[in-house]
Amino acid sequence: MYPQNYYFTKDHEWVAVDGDKATVGISDFAQKQLGDVVYVELPEIGKHLDVHQTVGTIESVKAVSEVFSPVSGEVIETNAALNNAPETINQDPHGKAWIIKLKMKNPGDLKALMKAADYEKFLEGLAH
Amino acid sequence: MKLTRFNAQHRKLGAKMIEFCGWDMPVEYKGLIEEHLACRHAAGLFDVSHMGEIHVTGKDALAFVQHISPNDAARLSPGQVQYTGLLTSKGTYVDDMLVYCVHPEFYLLVVNAANTDKDFAYVVSQKGAYAVHLDNASDRYSQLALQGRQAIPILQPLTDVKLAPMHSFTFAFGKVAGKECIVSRTGYTGEDGFEIYTLDQDPGILWDAIMEKGTPLGLQPVGLGARDTLRLESKLPLYGNDIDDTTTPLECDFAWIVKFKKGDFLGRDVLVRQKEQGLTRKLVGFELRDKGIARPHYPVFVDGKPAGQVASGTYSPLFKKSIGLVYLPIAKTVLGTEFEIGIRDKKVKAAVVPTPFYKRNY
Amino acid sequence: MIREPLIFEISDKGKRAFGLPKLDVPEAKDAFKDLAVRAEIVDFPQVSEVELVRHFTRLSQQNYCVDVGFYPLGSCTMKYNPKVNEKVASLAGFTAAHPLAPPDTVQGCLEVIKRMQDYLCEITGLDAFTMQPSAGAQGELTGMMLVRAYLEKQGNPRKYVLMPDSAHGTNPSSAHLAGYTVQEIKSNDRGMVDLEELEKRMNGDIAALMLTNPNTLGVFESDICRIAEIVHAKGGLLYMDGANMNALTGMVRPGDMGVDVLHINLHKTFSTPHGGGGPGSGPVGVKKILEPFLPVPLIEEKGGRFSLNFARPDSIGRVRGFYGNFLVMVKALAYILSLGPQGVREIAEVAVLNSNYIRKCLEGVYHLQYDDATMHEIVFDDKFQKDAHGITNLDIAKRLIDYGVHPPTMSFPSIVHGALMIEPTETESKRDLDYFIETMKTIAREAEETPEVLKAAPHHSYVRRLDETAAARNPIVKWERSKTS
Amino acid sequence: MSYIALSEKDKREMLARIGIASTEELFDCLPPAVRLDRPLDLPAALSEPELVRLMETISERNTYGDFNSFLGAGAYAHFIPAVVDSLSGRTEFVTPYTPYQPEVAQGTLQSIFEYQTLICQLTGMDVANASLYDGAMAAAEAVLMAHRVTGRKKVLVARSLHPQYRETIRTYTRNIGLTLEEIGFGECGGLITAELESKLGPDVAGVIVQSPNFFGVVEDLAKFSALAHGPKALFIAVVAEAVSLGLLEAPGKLGADIVCGEGQSFGLPPAFGGPYLGFMGCTKEYLRQLPGRIAGMTKDVDGQRGFVLTLSTREQHIRREKATSNICTNQAWCALRATMFLETLGHDGLREMASQNLHKARYAAKKLSALPGVKLRFSGAFFNEFVLDLPKPAAAVNAALQAKGILGGLALQPFYKDMDRSLLVCVTEVKTKACIDALTAALEEVLR
């Protein structure tokens, strides 16, 4: 279910790494929690983010939730498609619905993150 | 946590459950927007068993209801329902409620789940010398709401009550799926539809039968989430957001439930004065002109200066935009008036628009 | 003793007791053209006035009546009928008035009816009254038709009417004639309505609960307010049979106890004479919600002028000709005016006192199936006498006749076997009460010592026990020259 | 004035015997919440002289007695012999209850038995009951009876049946699924034969016709009963003016299965509409379907003739909802007066009264219809009532006549929309020639 090559945070973001480029989104678990996503607020390109700094906000009809950056770096691309099709986040959270791409400053940040298997265990933990 | 008598049904449907005023309630099933639109375009079924029911009985029942309600219950004949408020002596809301005239000596008050105990205590405190018996029957009642244009085709095969001839805001006793019920042509969605009350201790069949009949007609179970967006699109007030013990029916634009001519009632003199002196603020509908979603308690700015908070605000699944209700200074309540709402770090443009946002056309 | 013959047996051609003035207009020629005219009225009586007068005077002497002695007929309220009421009811102004006369020529009659409507509203705590029904049974029917009309107006007349198994037989037949199916509810072990049972049985198919209160055992349904609540909660109505109003006047008002519709009997509570079985009068009172459905016409007053209102679109119509048993209303009005507020209250006060005095004095002598507090009447039964000596309530009743007392009611309530339903009313003197009590004790003794005397009673009446079986098996319901005599 | 017979001493002794301090304790069973905590709002008690004065004052507000009245239409002014008031006023007749205890009620029972016999003789029926409330209710009970007997649900009702009787029938039948169809009246004022024929069928329970009908016209009962019997429907004859039975053939002899009607004419004053007397008889095969009380003859244990209420298994206290009727008390005392009235008049007296009614009505009709613009509405033979068609609205004419001290009759427009110029005039034996001539003269003036 959760892509093996992704890293996950306790706040339910995911990171996919390609060299020093990191793609960030929210996990399937997170979108389920949010329910129907109706609005996404994206950062400006070029903005520098530290670990756990706010990337933007995702709003469902009932809830607002912030997306935190799993790693530090500079925003090099945002998924403008989400402005007009926020529901993509419910439909394809691990794929089309990526939120930002970062140029990583410190790959060491990844050490603090979970791999898919650990994340699933972590979710089971939440269930009980 | 209290369970409604339909809890098993919600679990079976895999509803997302939350605690709501001490009740284990479904907030959504398949998804808020889908549920919202199903109710707008076909029909929705709501478990609203958490609502409060209070019996007012005895020979002074009418006189007592007249005392606690600003609306004129004397106009009700048996079988009719009336929307009104439960007011403090200051004319502000303790709650809003429906008054069912079952008989001139038997009235049923339906109040909000969040306020049931407070309301009952308040009603009791008003008993005084009235020859009435007050009974908080909330836990004995279960209640379903079947709302939407398909409500009659879905419900009629299940009941001996003739639905089509019923006027809105009337009710009848009858059997639904073999269970003794009160079938009331009322609702909280802006759609046509029915609220079904039963004292049956095992009413599960009601839910199952209605779902079975309704599913082919597009019926969906609807959770508390969509219930709120549906009511807001129709500008039906929610206690705690739009009305509370600081607001009066006049301010929230419900002057029509205040019948000064009927004689005295709780809060009357204050309301008379407020009417004479004129309102300083009023509840109006707005929509955002820019991106974003205005939510309750977000700060409001008029001419750049802070002017209170958003009362109700949400994303409208039907209109796909951000709508809401807000108290504005009377001068600023003119349609089209622009103001700002603080959403996190920015101020977003909003404008006063006509309400209700949604009005059914059938 | 002279056996009084039937009038037909003393009739003889040509005898007359009456004559008219000579016809003062010319006889119409061909008067009988196109008419089927009868040659004679075969065997129609012809007697002299003195024979006629003696005939009826002797017949009258074969009747027992309230003016002769104690008449404790339960649920019939055989109280004294004041003479002045008869006098005022015979005033020419009232008796001559034609029911279709222009209202401005019969203001007095309309005032009588209007006053009765108003006074009965005050006494019962209801909002409107119709004086039209001729007697209790017609009042019940009218009341149930009102219930039906009210529910029909709301879209569903409903199917059933609930009533306790202690109800009088007219209740079910009236409900039936109003188009309802009767459902009985068992009384609890105290002879009262069982609340749990009622709550179980009450539903949206039930139009009304028909209740007699105090019930036919003379016991007040003390849960009446709760009963009303249970019935009202399902949109049903509470009907009260006011047959026993004599226990309540001035003490409590049905309208205040949640009753929506009731009938009362002027010939019971309001002392109009029973006339050997009528005429009665059974006015029906209702709460506002039922007022639009009352029979036409209603009498209304504006600025001292009385009028008849026929324009009532929702009315159930009329249940008889004209406006009711008017002269009976005149007597009841006279009674209410004589008594005044205190006197009306005294009715209940003393009726209940008398009944409880009898109860106290006869407890232990006769068996009581229920021992709750009783009001205006008390239902003993023959258990002691029957078990020990095979003496039934009928034997006891017939023996009372020998002692110059009218027997109590025995035909109901059906939940008491061998019932002796005793209602003394408020107008009895202590002397007469004591005489009755002593007589009942004597009869109880006789049941032990000389049961055969009771079995054969009455001994001193004009006729003795009559063969009712033969009468029903081979009914002779009229005199015929050939057969009868 | 109070009618309580207990002294204070009596009360004290009785309370002591019961073991309580005050009568209040006897009412502890009443819910305190609803106890009346104030005196009733009624006029203060009156002494007998005050009461009589007040009631006389009220009765004098009726000015009706001052008018020369020709009102009938179901309530008739006939002479009442003194013996009727004197004998029926005997307390032994006035103050007993229904004769449940025959041993002490032979007076009432034997007079009912005589009453039943007289009704049978007059109507030509085999059996009659002990009376019903009034004519309208008797008609309704007759319709219900026809439904019970035949099990059919449609009843044909003559439009010339008294309007109030028709209303009462409607009220009594509407809740038990009976349908009523009216049969119109023709030029003669009687039932339209063709209409009856066309509406008769195997679904018809009964045909109910009044004769003399509401317009006073005597119906051809023989013809209509024969037609009704074709599809085995019962024929019900209604008589609202009972005195006519003294002269006209008994409906039973003309084929009626049930005869019912209003007995007020027999010794009961108009009294603003009641108490009156519903009478009802039928052929013997329907005896057990006959509603109301019935007295029967039997013997006591010594073989003495006596009378009892019989066939009570038809009644509600035994049959409950299956009873033939819900009626319990009847109009016993009114029936007693009728019995006294009929036995006082006797065979010849009743015939004489009936024929005087006929002759006086014919005289009045002749005089009145001779006035310019006035004519008899119907051609059929009538008894003591007839309908005049006037050149002006009847209501207006009535008002004008009233101003002259005359009540000319009943304007029919409220009962028959299209008859706004029709007046129903009743002339009984109490109307002298002078009274009739006064009406003629007054009408002439009013119309001039």
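By letter and in written order, the chains are A, B, C and D; residue numbering begins at 1 in each of them.
In this text, a contact is a pair of C-beta atoms (placed from the backbone, for glycine too) under 8 Å apart; a residue touches a chain by one contact, two chains touch by 3 or more.
Note that the structure is a prediction, hence the values are computed from the model and not measured.
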item	value
By mean Cα position, the chain sitting nearest the middle	C
Interface with the most contact pairs, given as the two chains involved	C-D
Chain located farthest away, centre of subunit C as origin (C-alpha)	A
Distance between chain centroids, defined by C-alpha means - subunit B, subunit C (Å)	54
Mean-CA-position distance for subunit D and subunit C (Å)	20
Between subunit C and subunit A, distance of the C-alpha-averaged centres to the nearest whole Å	89
Centre distance in Å when subunit B and subunit D are each reduced to the mean of their C-alpha atoms	60
Residue list for subunit C, restricted to those that touch at least two other chains	225, 256-257
Shared interface positions of subunit D, touching two or more other chains	33-34
Residue numbers of subunit A (touch at least two other chains)	none
Touching pairs - complete list by chain label	A-B, B-C, B-D, C-D
Interfacial residue positions of subunit B with respect to subunit C in the complex	55, 57-59, 77-79, 102-106, 131, 133, 161-162, 165-166, 172-175, 180-181
Residues of subunit B defined as touching subunit A within the complex	16, 27-28, 31-34, 36, 225, 228-229, 291-293, 295, 314-315, 317, 320, 344
Subunit D residues within the subunit B interface of the complex	33-34
Residue ranges of subunit A touching subunit B (in the complex, touch as defined)	35-36, 38-39, 41, 57, 59-62, 64, 90
In the complex with subunit D, residue positions of subunit B that touch it	58-59, 131
